[in-house]
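Two complexes are shown next, each including subunit A; its partner changes from subunit B in the first to subunit C in the second.
What follows is the complex of A and B.
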């Protein structure tokens, strides 16, 4: 696949050389720098070959701004980095949102954080930042927002129409699970248009990453996705280990798998309770919290916290697990297995629930690719893609599990995929416990002060919500030069406007819940 | 005509010995034991707030388990998470929509002071919700444990009634 794409891309680009990168070091196979006139052709090239736009990143190198497009593929492992240099004095680039729909949102984000304007983009208004902001936050130098750009600040005005009215879903709404705001254009009870407005919980994680060392940033990862902090921890730790070439002992790898899967269970349980609560059934909420507390009982003595864990370290773990942990986990597996039949009776076999969710929010494979959704939403749409299988980190490569997929792509499929994933997680934990090796939990080769070699890395892991991509640019200092987080909920939310269109408001809540959003992760 | 005591003195001639409780104090007792918090989850702390309301920690024991989704039915706003500059006007609006008497509980370090998100050059976080609305109880932690939030509720009761219903935590240091 990689050779074929290299040859074909070379033929399309003609003069521009296509380089081959060391995948283990860089996280992508091919790279090429294109001129802005070629960009749209390149986007079409990847679109025709079934690629999706995994991430769109902007990096400020002072002399120039660089846009980084990461294209990836669901069918086989092939990642391509396309870069485009732009002049910081006159930052304009062509939009590719006409080819890849998800670029629409990424380009808006880059516009407000870097001031890059995208030619041909239909709506260049601010998505995240508050109206009082007067500079571009992620630029290395403080560049004031020009008067012309200030018009785009807070310029979001939903268009008026005859017989329609607007409803603000959020930012304070119990079914948005946080402070998400969706502006709905309604025709009676039916939704004509939905526009997410973000940034009510923008906590500047990417800015913080640039002014503290790699280790100091570690606690932030747990606060980005508070329901699945282990997976974010794992992603960050493995990314830095990959960048610096730090080995990890076997035991640590297995413990990482066990804890990440336990955390995945607690995240999915939380989703189950909250989703049913959105649909009006409050009883499951009490049941899942009972199970969640059991998980907390296991994790708390080991990690030292109940929620925003910070347990993994570069090269190993914070402390070792003991026999009580192993026994507790085994007992919990038994307990949760018996609870599944209860959940099946209470939820899965409940006609009110199944009739409510069947056939709404249907995502086709094509739309899933164009919007770059990931995780259970992607698998619910019928594409068997799991980063734990395709790019296994820690000890995932040694685990035996299947990837559940949906057949219809509706909200009910998302539910079934997540329930089967929970069963899978139990199997993975059981396997890892059975094979848990003895030995050290921390490598002796970990340097005290991390100074990764110059270069960049795009590293992905599977979180409970989908593909987490971490793009780190290192300039050989002890702080990251730029760190971009490609978060799963952001992409998953962006498919919501088209799913909601033409649906009832009550169904829109059911669709929003099936996407399993965590707001601080979207806003970062 | 009622006579009190052995001397059989009439009420009209003596100082009336029974004091009526101040109506306000009775009401305070009722308020303190049936606090209705608002469903207002901001960030990570919201999950711990939910845990507190669920079966193991059972906020209903203190009469505070009735979470209301609308500010117009709530007495207490639990600010459970980071308040950003974009969220600030929304939060103030919600506070103003709550009927008096009303209380605010700042849960977690972010709501108290901006927590871990305060650094030089930060551009988006309000460094403490007390810059926006008056705060009655501060519960520190990142996030605070459910027990800490329960203690926060007891502190609020104490503030409302002037008395503490349960013994305080033992000081270990």
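What follows is the complex of A and C.
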């Protein structure tokens, strides 16, 4: 696959060379620098070959701005980094949102954080920030926002139509689970248009990363996705380990898998309860909290916290697990297995529930690729893609589990995929516990002061919500030069407007719930 | 006493005493039901519900009522004031009137009107006005959508509700609730009319806006529906009306299908309350078990299933009676 793409891309690009990168060091196989005139052709090239736009990143190198496009493939592992240099004095680039729909939001994000304008973009308005920001936050030098830009960026104003009215779903609303605001254009009970407005929880983690050492940033990762912090921890430490070449002892790898899967369980359980609360059934919420409490009780003595964990370290773990942990986890597996039949009876077999979720929010494979959705949403749409399988980190490569997929791509499929993923998580934990090796939990080769070699890395892990991509640029100092977080909820939310269109308000709530969004992660 | 009675007429005295009794019962009933709902919900959700205030948390509803009474009465600036003020008061009228004709016991009935059930049905339709006033007057989009939903729902479900009661009226040849109860001296009507009972009960749950038919106040979609903008005592009035409506729906079911106040050993009123609160419990049970149906599904259940079924039931009953 990689060879073929290299040859074909080389033929398309003609003059510009296509380089081959060391995948284990860089996280991508091929790279090429294109001219802005070629960009759209390249995008179409990847679109025709079934690639999706995994991430769109901007890096400010002072002399020039660099746009980084990561293209990836669902079917086989092949990642390509396409870069485009732009002049910082007059930052303009062509949009590729006409080819890949998910670029629509990424480009808006880059516009407000870097001031890069995208030619041909249909809606260059603010996504996260508000009109009061008078500089571009992620530029290395302070560049004031010109008045023209401010005017263009702050253009979003919902106006009422003749037969329609606007309803604000959020930012304070029971079903958005956080401070997400969706402006709905309604015709009676039917939705004509949905426009998510983000940024109510924006904390600029990416800028924080540039001002902290690698270790200091570690606690931030757990604050992004408060329901699945372990997977974010895992993604970050494995990324930095990959960048610096730090080895990890076997035992630590197994413990990482166990804890990440336990956290995935608690995240999925939380989703189950919250989703049913969205649909009007309040009781399951308390039942899943009961189970979730058990997980917290298991994790608390080991990690020292119950919600925003910061447990993994570069080269190992903070703390070893003891026999009580192993026994407690085994008991919990038994307990949760017996509960699945109860959930099936109460929820999965409930005719009201299945009628509410069947056939709504249908995502086709093609739309899933164009919008770059990931995780259970992608698998519900029928694409068997799991980063734990395709790019296994920690000890995932040694685990035996299947990847559940849906057939219809509707909200009911997302539910079934998540339930089966929970069962899989139990199996993975069981396997890891059975094979848990003795030995050290921390490598002795971890340097005291981390100064990764010059270069970049795009590293992905599977969080409970999908593909987490971390792009780190190192300039050999002890702080990252640029760190971009490609978060799964952000990409999954992008598909919401087209799913909601033409549906009832009640369905919009059910669709929003089936995407399993965590707002602090979207806003970062 | 005799003189006072003669002066203003015994009927009037009975009416006034009855109305005061009804008012006391409405308040008591709401207090008990809020406590019961929280206890039922608690035990269904693996917790114990209120327990701090009084034994088993029994005083909790009184504490809540005092809190609501003590709250500042807020009026949002943009509301349509007359409608906004009137809505919570008007919602209470049909509720009170319904109680006047319900026979709690053989002799415990404020008034036995020969069109008793029609009075209840006619007045309970009025509560739609109050909901519409609240929804429109609040000048809030959530409230408005909630009110629109509520009206569509109430109209759709009043038809099967009435059609399910009609076979009983045909069997007894009477609109008077008391004679309907007396007619069930032998076998309860639920034995003759099990389908009518089911249809009535489903429609009744929908009429009271309870889960799985709680669309007008669907929390996850409409925040609180038509009473989003109400707080303090005004909110409490809506709340009170909701719980009283649940009791009325159960009480009519008991009167029509479950033999009313009749039963062995215990006094009639005990039987009546026992049966009614059992049905109330079932309604609560439903609420804490099921998710909410969607709006089009809700209307489909009524127009496509309940109404045709109740017509068939009515036809069969009519045919059998003629034989």
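Note that the second predicted complex is superposed on the first by the 521 of 524 C-alpha atoms of A that agree within 3 Å, B and C clash if a C-alpha of one lies under 4 Å from a C-alpha of the other, contacts with A are read in each partner's own complex, and residues count from 1 in each chain.
Basically, contacts are C-beta pairs under 8 Å (C-beta built on N, C-alpha and C of every residue); 3 or more make two chains touch, one makes a residue touch a chain.
Everything numeric here is computed off the predicted structure, so don't read it as measured data.
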Subunit C versus subunit B on the shared subunit A, clash or fit after superposition: fit
Subunit B versus subunit C as contact partner of A:219, first or second or both or neither: first
Touching partner for A:386 - first (subunit B), second (subunit C), both, neither: neither
Partner chain in contact with A:456 - subunit B first, subunit C second, else both or neither: neither
Which superposed partner A:421 touches (first subunit B, second subunit C, both, neither): neither
More subunit A residues in contact - subunit B or subunit C: B
Partner chain in contact with A:308 - subunit B first, subunit C second, else both or neither: first
Touching partner for A:286 - first (subunit B), second (subunit C), both, neither: both
First (subunit B), second (subunit C), both or neither touched by A:167: second
Nearest Cα pair across subunit B and subunit C, whole Å: 5
Contacts on subunit A seen with subunit B and repeated with subunit C across the two complexes: 173-174, 285-286, 290
Partner subunit B, residues of subunit A touching it in the complex: 129-130, 132-133, 135, 137, 171-174, 177-179, 199-204, 207-208, 211-212, 219-220, 223, 226-227, 270, 285-286, 289-290, 292-293, 306-308, 519-520
Touch list for subunit B against partner subunit A, complex: 39-44, 46-48, 50-51, 54-56, 69, 71, 81-82, 84-87, 90, 94, 116-117, 119-125, 142-143, 145
Complex interface listing, subunit C residues touching subunit A: 41, 44-47, 141-142, 145, 148-149, 211-212, 214-215, 218-221, 223, 288-297
Complex interface listing, subunit A residues touching subunit C: 165-167, 173-175, 188-189, 276-283, 285-287, 290, 346, 350, 352-353, 355-356, 504-507, 509
